[in-house]
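This structure is in structure tokens; I'll ask about it shortly.
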């Protein structure tokens, strides 16, 4: 059928021009104008029970500036307790990963989420149920486990699940789990395994909100590092246990100013001492209107071993359409 | 003029998340979630006699995941018997190539069309006439012959033509022809030549449809292989003659289920024996509505010489907007 | 907020299929169908004082065929005398650079603008004031100076300014200035410097229009060449002074035919003789309607030293939506 679907196509997107000032240990500071995210896509409903969502990431600061298909899924939503999605989508683990990118309270996600809730998007099949108003919400996904760009090369799939309960109107408690096997990075070895556990909570009281999240990761055979803050991704051989968490509080004043304070740590190897990184983010958000905001973040990065100059100041405008 | 054109811009597209299970001769089977096509674009009319069409392919499984401009043409349509298009568009040869990708009856096109009706898209100038309701329809194109990505490096162009006649309301018979010259792949040789002939028919009777198509290719100087099923394209020196065909039947039941059966062969060198490939596709399509369908295909690939394990099972959802 | 912004999203774009015939000194002539620009994007207003603009370049003839984010900026426009833009945008220097690409009077910009008004787009912050109807219009920009793809690697920014005065309803006079410092291309040297001056005028009388523009460039430490006409960009060490100009006249007849005549020269090194290039463009534009036009250009390229065969004929259709 060449007619557009009954309810029309909605074009949507958002982009985030940013100014960033970096301390660089040993050399001069630098600053640059760049982009965080820059997305454009289409979504809509198809009577009676289908919907679709397709969005491209076009930021020059992601994927070497080459645009790519980010989320693209079709959803069958006849049953609210079991909606089915097929395509590419965010992994259903972690509170902060599942906060939409244009609604994040700090400019960057926390380091533990960037490092351990990977791949942030994957291809496969998902079942979802519940809503913000129900006692429980859940998501279950079967995915390749190889992210957006690569096909799977074996019959093993990754399994991820997230359950959120809403015991009181002010409180949400979440639990996440993920398990996957992959072809061994070393020939002749048994398959590599990746396990993730997570727990999180969100408490809202009037204009105040508190979020906290803990993630634990156990990798057998091989593991990846990097990927966050523009670092390249590296695959390493060997077993590793890692964890980290963040606690974040914010208060939105009636003049639309919202100070944010976030503490986080990330232990990049639980069998080694003195490698834990601590980050404190001092943030100030200002909401011009429902579609436009500006965020200022000062990120103080503390090293356990020996303090180095690597703090960051960022100023970012988000415009949503 | 900064006003949008009189009749508005229509955003359109479709995408096809897919599950694929592959037999791999000699090693373990594998399966993966991937995407077939993922397209988004804009089209519209400009009073009184112009229209435009522009669409990007954004599938992570095409062109190494880098989006690219697929079709982009402007059409002058004052005269129904000679509409003029300028830009990039599908080559006007082959019945199956000219079936829109979201309306294909099987998930993949047949091998002979993927191998011989190349490049599937090209840049140049086209004249078209007629419609589904007229006795004749025709298309004539002058193109680079180098596909979507490369400029032509000489003054030779490719010429393609297709004529479809509709002698009875149930029957369409088509004929295709293409001829082009290119700079010789071997220095000092005369120019390389490519010739294509094709014949096809389509018969509809109520819920039943039959399609058949034959393509013949003669290459002098050099020829290309691959390009289908995700294989890389290779250029080879020498002359070659190749051909192939498919026959496909389907029946759409009132419950929106449509079984499909397709036989095809492809002879990759008519001067060599025992290289012909035979493919049988057992398909089942289900139409949720005019914009959403699911297709299951089992592709049995038979080798003349010695049977190997290379069958494929695919499950694909198409959502059109 | 997941609602679309109050005033809706406008999808817009344009594309330019082109036929080009090239003389090639020493070897056979060649011709090809290709694309000049092919853009698609979204723009809109957000009540009460914001607007956004985001557009992708998708032409297969730019950036090796890989689409990229071109302009993307958000504007705060409460005060007409000082609108603020943040993101990526055209450098506010040069009359011809700041003529929208789909409204150019010749198919290509002049060589001096392509070579000296670089990078044509940059990331940063801009202040603009005035309109076509006011006595003065101005733009002031602070940018990386590194173009659309690279982050800045130091604290130095580029400063660009443009002032246009409208002393008579038929006349506009413009002046442009740009200055930037960059990390030295040679280690241990002081920072490289780039300076640009420009002057231009536009005179309109009924159907007749005259434009003229002069640009002067002084580079200390290093400079770039290429970038125009599909040539690769090269960085060279050393100091250089370059300049050039164009004069262009056109007349639009009542039958929508518009002949254009353009003279230009470009001196690629003012300390060297006999390197100046002269170009004469004989153009004919025909406007089918407000959104569709066809342009024919014959470009005669004269060399001071020794005439070589390098003339170009181009035929281009522009369709805007």
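Order of writing sets the labels: A, B and C. Residues in every chain begin at 1.
Keep in mind that, in the parts below, contacts are C-beta pairs under 8 Å (C-beta built on N, C-alpha and C of every residue); 3 or more make two chains touch, one makes a residue touch a chain.
These numbers come from a predicted model, not from an experiment.
Peer 1: Specify the contact topology among the chains shown, as one of line, ring, star, complete or other.
Peer 2: Its topology is that of a complete graph.
Peer 1: For the Cα fit of chain A against chain B, please give the angle of the superposing rotation, nearest 5 degrees.
Peer 2: Copies differ by a rotation of 120 degrees.
Peer 1: Could you grab the centroid distance between chain A and chain C? Build each centroid from C-alpha atoms only and quote it in angstrom.
Peer 2: So the centroids are 38 Å from each other.
Peer 1: Residues of chain C that contact two or more other chains, please.
Peer 2: In chain C, the residues touching two or more other chains are 11, 66-67.
Peer 1: For chain A, which residues count as touching chain B in their complex?
Peer 2: Checking each residue of chain A against chain B gives 1, 3-5, 9, 11, 41-42, 44, 46-50, 52, 54, 56, 66-69, 72-74, 86-88, 123-125, 143-144, 148-149, 151-155.
Peer 1: Can you name the residues of chain A that touch chain C in the complex?
Peer 2: Interface residues on chain A, with respect to chain C: 10-13, 15, 17, 19, 28-35, 38, 40, 58-61, 65-67, 288-292, 317, 319-321.
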